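Order of writing sets the chain letters: A, B, C, D and E. Residues in each chain are counted from 1.
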Amino acid sequence: APRDAAAQAAPTRNETLLLVQEYGPNSLDMQGIGSSQPVNGVALNCYDRLVRFKRKPFDDVTTSFDIKALEPELAESWQEASDGTSVTFKIRADARFHSGRSVTARDVKWSLDRAVSIGGFATTQMAAGSLEKAEQFVAVDDKTFRVDFLRRDKLTMPNLAVTIPFVFDSEKAIANSGGDVWAKDYLKNNICGGGAFKVEAWRPGTETIYSRFDDWKSGPLPKLRRIIARDIPSPSTRRALIERGDADISYGLPPKDFKDLVDAGRLKVSAVPVPNAIWYVALNAALPPFNNVKLRQAVAWAMPYEHILQGSLFGRGVPMWGGPSTPAELKWPVPFPYSTNIERARALMAESGVAPFSTTLLYDAGSGTIGEPMAVLIKEALAPLGITIELNKIPGANFRGELNKKTAPMVINRFGGWLDWPDYFFFWNYHGNNSIFNIPSYQNPAMDRLIDAARFAPDEASYDTNVRGFLELGMHDVPFVPIVQPYHDVAMQRTIGGYQFWPCREPDFRYLTKG
Amino acid sequence: MSAATPAAAASQSVLDVTDFSVEFRTRAGIVRALDRVAFSVGRGETMALVGESGSGKSVTAYALLGLLDAAGRITGGSARLEGTELTSASPAALSAIRGKRAAMIFQNPRAALNPIRNVGKQIGDVLRRHAGLGARAAAAEAIEMLRAVGIPDPARRAGAYPFELSGGMCQRVMIAIAVATRPALLIADEPTTGLDVTTQAVVMDIMGRLAAETGMATILITHDLALAAERSGRIAVMHAGHIVEDAPTKTLLLYPRHPYTRRLLAATPTAAGNLADLRSIPGNLPDLRRDDLPPCRFAARCDRRLPACEAPMQWRELEPHHRVACWNPA
Amino acid sequence: MSDTALGHARHVVTENPVTGFALALFILFVLAAIFGPSLVPYDPLASDTANALQAPSGQHWFGTDQIGRDIFSRVVVATRLDLGIAAASVALVFAFGGFAGLVSGFFGGWVDQVIGRVSDTIMAFPLFVLAMAIVAALGNTVPNIVLATGIINFPLYVRVARAETVQRREAGFVDAARIAGHRDMGVLLGQVAPNIMPIMVVQMSLTMGYAILNAAGLSFIGLGVRAPTPEWGIMVAEGASFIVSGEWWVALFPGAMLMTAVFCFNLLGDGLRDIVDPRRRT
Amino acid sequence: MRGLLLRLAGSLPALVAVIIVTFVLTRVLPGDTATYFAGPTASAESIAQIRAELGLDRPLPEQFWSYVQALVHGDLGMSLTTGQPVLTDILARLPASAELTLCGLLIGMAIAIPLGIIAAVRQGSLADHACRVIVTAGVSLPVFFTGLLLVYVFYFLLGWSPAPLGRLDAFASPPPAVTGFYLIDAALIGDWETWRGAAAQLILPAVTLGLFALAPIARITRASMLAVLGAEFIRTARASGLSSRTLILTYALRNALLPVVTTLGMVFSFLLGANVLVEKVFAWPGIGSYAVEALIASDGAPVQGFVLTMAILYILLNLAIDLVNRALDPRARHT
Amino acid sequence: MSGQIGNQPTPPEAEGPLLLDIAEVSKRFPVGKTGWLSGKSHSLVHAVDDVSLTLARGETLGLVGESGCGKSTLVRLLARLTDPTSGSIRFGTRELSAIPAKDFARDPDRARIQIVFQDAGESINPRFTAADAIADPLRQLQGLTGDTLRQKVEEAATLCGLPLELLARFPHQLSGGQRARVGIARAIGPRPDLLVLDEPTAALDVSVQVTILQLLVSLRESLGISYVFVSHDLNVVRLLCDRVVVMYLGRIVEVGPARAVFDAPLHPYTRGLVAAVPRLDGVRADALRLVGDPKSPIDPDPNACRFHGRCPIGTDRCGVEMPELRRFAGGRQAACHYAEEAPA
């Protein structure tokens, strides 16, 4: 009954943002199991973390972040121990939860304990930064909190700034937990924290309405007082809404639409190449015929890169082909040395000794307007090599199951890692521990050694050597054929300002302005 | 060409039909369904219209009341109902006449009643339309009508639906609808076909009684000569769209003059006869779509055919009130 | 009066120009299905990203799609598959549903009860969702789409066939056949079935259109025929996202084709109904 | 009354069959729910953990048994897509679908029944053929396409229609829920601004559905009108000189309505299932789009809940049709 | 026209003079749907109730009665199209009532009992030509094919006066009389001993009716068939039948030689019936009128005369005692307590 609230000075239209998105959060608890991507936005806006990434200008529309630099959020300062085994945070004295209670180190501990113990994605993500056990977290006193390191891991600190380790009002959560240690049910349906926004109404599948928490202290008070996020499944409708000016901001449109919007120039479009992300074709390196390196290289030479970038992504991406034979920069993603050259592909094909064959190319039905044309173009481009491809579009729910079988010969997929380090990507995708994202089931002890060495490299130099090593190896072995680094596109009215891009890619209402 | 004036005295007659012709346009050609039909019915008189199936009895009735479907139209002649010319009347005028001054009842009474409207209301509808009664008065009058046609417990039956009534009762309801406005003319198109003979007798009694009481002229259409014999004062025999003979019932039965009438009588089983004595009529009705229909449409089936039969048909009044359309009557 | 069914059909067609028109369309579709692939100007699968999303022109009559395929060629070539899916699913449900309805109406009793329950159960499902579930569960292959479309039409056929059979179960000619020494199955298949055939044909014509629409709906949800096979539904579904951006032709032409086909089947069904309607026989 | 109860009881087997079939269908859906919801970086353990939590690791009969037990207690399970109990979701969304479908049906009826009558009264005329072509055109396009086209023309190009944002403009708030039908609820409290807003949102999707409903309704109206107009009792009524108004409305139409009502029921249940696609286009928070999303996500509970709801609705609908038929047709009251 | 045809009816001599002997036959139909859950319904239509009659070889038996009195049901029973609820049906020396109607279709005696139906048009499959229709029983029952079949078909058609050129036509292309002939030709094709005719001329014009009746007579003479002839038209029954059975609400109320029954009916219903038949010689002012409608055939009172309430001479006794079918002089029977009081 927001009707009652009308009595107070209601937010004006200029203080209200209308966001249209494909689908909204399925939970209000990003740590909970099975939370969907938009829940990150809830975590971002309704909860605070100890720290956040430092913002840095990207272009005149967007501010981005510096993954290597942090700034205070709940913590007003922090200090790494001289022996490098722990870090101690000082919590803002004036920080309050929505309930009005002051934030304590116990709340932080409870929250981080929860993140590492609750299981599912949250725990996995925490582990990526060597945050694995509750014992690591110590509430020293009311306002002092310490994290003990398990090992030296350059990802530990950045990982405290992603959307997972956010801080709950633990007393309120426990009081409402109904006996459950982690108050899963309660937190799923209720915001119980101290972020810049509260959830005023949440109608799953329909809309989520946020309103500003006026007592927020962890940053400058947001300009927007109310955000209405509507779920509009049809991308055409979303485009129509934003183009006609009825919606303020939208993302997740097909690339074609962003291209048009950019060309038309009446709206602002924030376009950030998604860090650590690529569209690629994975070739199953464990099973014939793609266990043949020459064949994989042949495929990489036959890929219709430019056609895909234009026909499938409408130019909304950074080419990942045509690079030098050794990486020009030690970053990820970097362009691979391949490009479309059917002669070389034929020659390699002949060299490989693989006879013409038929195979299947999997792609996610959810990837919609991108995956399908890409698949069609690939099918067409590989036909001259004698590779006959059957396209198999897999509904979203089934896709990961298929990947998990590790039997798919060719897969189109997009992967993006939150933490923008090459070894982070390679660890998930190329490592022989065979995570689900090692879709090609690529096994190469040399690769594993290089990745492991880079992850825990003691110094810059050894890090660089190892990174160069695995990049070159990846380029040679091509279990993944990178196609493009996609843009994260967000369209907004000209009146909207302060768009902030974070690793989780959800919009941050705290910085947005209108009018 | 010209038909003689009908036998009945014009002053008394309710309906005068002369030279009445009807055609149907069909895909297969023009059906000349009625050709210069002429007859008249007097007040209180019951005239039977008999003939084989397809001879045009129903078409006569429908055409008179303007109920022909879109394919049919009156191509000539006149039909005067108490002085009103029906052939040139507008649809609205006809609709005002129908049910008020001329009414009609049909065979298969159950199907002829609205299955989802109770019979009281169906009678009332006519009264409201033609007698200008209000809903309540019409309902009361409807009950009276039901009583008049001999339906027991009429007040209760007024609320009954056709499916709750027997065929005989439905036919009585039909009669009630027809006579509710005391029309001058009632056309009954095979009103008892499909009813049991016992029921038929009762229904015909009621019709006869009402006609006598109200002085209504009745045209009884039937293919049952015996029924016509019992229930009418005069019989007109139709064949292929022509009226071939028209005479008082007794005369017609005893002294049929037209060969067709004689044939018809010879084919009708009687209580006393013998199967071997019965004779069927040779041949069939001519195809009315032919362009070259002979002047006498019975000629092809007739054993008394003369070369003269090629001449246009003329009415012959052989004796008073007994007309026949034949060049060689028996 | 016409002497043959054909002659009768002819005068119904001439009397009813809309049916005649539908018939002509139908013949066109059948021709397109048969000869389409050999007549079209372009390979329906060949992409040409340089010429993507071209508006209709002399070169590409219906324009090109997202990856530059010729929409005209695709639309024409798709005829065979679409009509094939529709015809196959209709034939399937005609065989099973028609027979079930026949048996159910003829024998009554527990057979009727069982078949009635089965079709009740199907009817109680939201049909489109049932089709989706079937295709999702069994995989989005053409046979499964055919099967799903067939299953959701099952109750309809049972209902029609049953009603027609019940009407004829007591007919004189059924008794006559019994007297002539036919047993139940003989009467059912030899006497009743041919008599309900005309009305079933009408039904088939009407459901053909529905089957095409259903396949299109499945495509929209992403459960249709696999890419890159040209199919109207998929093309419309894909093209739908280009309407707002102004590339109307991508969806419009397949949509128009789909519409014309469904339209044609529906009109034909109506016309056929008039042809077989005994009241309209002279 | 006894008859009605018997009818209700008679539909039980179908209901049970529906429950079993949906259960089996959702279990044979190829997707692995647990993997899907464990998220991209999930480890094998966390997937197993989710699987256990969802009970997906138990044998099928056991799963079915607990499903049925929960059902008996009115528990339809949890939706993973929205994270809410299915029952809550469905109750929240059903009115949206029902309101939309009903309005679609009303629009369809308002156009189709008069068209059907005209076509029947003027059988074979130009009007007849025109009606036929118009209504057939309505049913010849996939609804999602019609919907998009309408959005494009009436919202995007012309701007006549409000933004297709769902049931209400983003800045309006829904009326207090009584029936869940915004039009009714708004009217109840006399909030005509909200009423207008809701109506404006409703028009395009309802028209989309209505177009689709046109053909079956008009077709059956025409056919049954024709049959009735050819009936003997109409001839009687004409012979009684009743006015053509009484003739067509009181005599013919009321009789012709009987099969129309039956068809309306079918069309309604059909639309309720088919508006899945319309809901998607118009961001309508109904149960159709809900079920589709769930189906795509292999999320069994909402699909089961949805199908069950629809089955129950279908049964109730048939009951309602029966009642209407009884009211219209005295013959039906006696069987 | 019959001379050219070899006519071998197959009545085995040993079977005695009675062709058909049915005793205490009843047929009841449940009313109301026996729904899936509603259990058995308990209301029964007593369509035929305790009917006994015999038919001699070569005899023609007329069956008359009000609409709905069970005539069709009775003839369907004795033609073994439906199974009796109880009673015996003896055909020649064979008891047929125990053979389910379903199996009787393949019984050797199937060919010996044939029916001509009321609506000839409806009883011919609209998809069959006249030739198909006539051939059907011959093919099924006697396994004829090819030329023999064609020959037999033409033979039957000729017997019934059906021009051979009409054989290729469909029923809707034939006139009513021609259809009736097809129906008869089909029935006599297999050379039955018993031909049941259920109102074969009801839909025909008098003139056509005459030819059909005369055809029946000639067939009876040439083929030696026995007829059971159902009709509404008493005049026709009188012309064609040797004996007549009058039914009322499922029960026989009077049996006797046709002329005797119609000239001096014993049962009040028969009297009313005869009186109501229109005659060419004009109305009788004093004619007996049966007013009212028959009672419902559903669960009738087993102890009351079915005619009670409508009967002009009924007494209280008729309400409590069902009259038996009693024998009277001249081979007549009537089921009325007061049959003796019939006016002479």
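Here is the rule we use: a contact is a pair of C-beta atoms (placed from the backbone, for glycine too) under 8 Å apart; a residue touches a chain by one contact, two chains touch by 3 or more.
Remember, predicted model here, so these are calculated numbers, not experimental data.
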Look at all chain centres (mean of CA atoms) and spot the one farthest from the centre of chain B.
-> A
Sort out for me whether C-D or B-E is joined by the greater number of C-beta contact pairs.
-> C-D
Chain A to chain D, mean C-alpha position gap in Å, rounds to 39
Chain A to chain C: how many Å between their CA centres?
-> 45
What whole-Å value do you get for the distance between chain B and chain D if each is reduced to the mean of its CA atoms?
-> 54
Rounded to the nearest Å, the gap separating the Cα centres of chain A and chain E is 89
In chain C, what residues contact two or more other chains?
-> 1, 15, 136, 222, 240, 243-244
Hey, what residues on chain B touch two or more of the other chains?
-> none
Could you say which residues in chain D touch two or more other chains, in rising order?
-> 13, 29-30, 148, 151-152, 156, 296
For chain C, which residues are in contact with chain E within the complex?
-> 1, 3, 113, 171-173, 175-184, 186, 191, 194-195, 281
In their complex, what parts of chain A are in touch with chain C?
-> 235-237, 239-240, 243, 254, 256-257, 260, 304, 306-307, 310-312, 365, 368-369, 372-373, 375-377, 379-380, 390-393, 395
So, in the complex, the side of chain D touching chain A is made of residues 29-33, 35-43, 45-46, 49-50, 53, 79-84, 89, 92-93, 148, 151-152, 155-156, 159, 163-166, 170-171, 173, 176, 280-283, 285, 289-290, 293, 296-299
Which part of chain D faces chain B closely enough to touch in the complex?
-> 231-233, 235-244, 246, 250-251, 254-255, 258, 328-331, 334
Show which residues of chain A lie in contact with chain D when the two form their complex.
-> 1-3, 13, 16, 18, 20, 23, 25-27, 33-36, 119-121, 123-125, 128, 188-189, 203-207, 228, 230-234, 236-237, 240-241, 243-244, 246-247, 365, 395-398, 400-401, 404, 428, 435-437
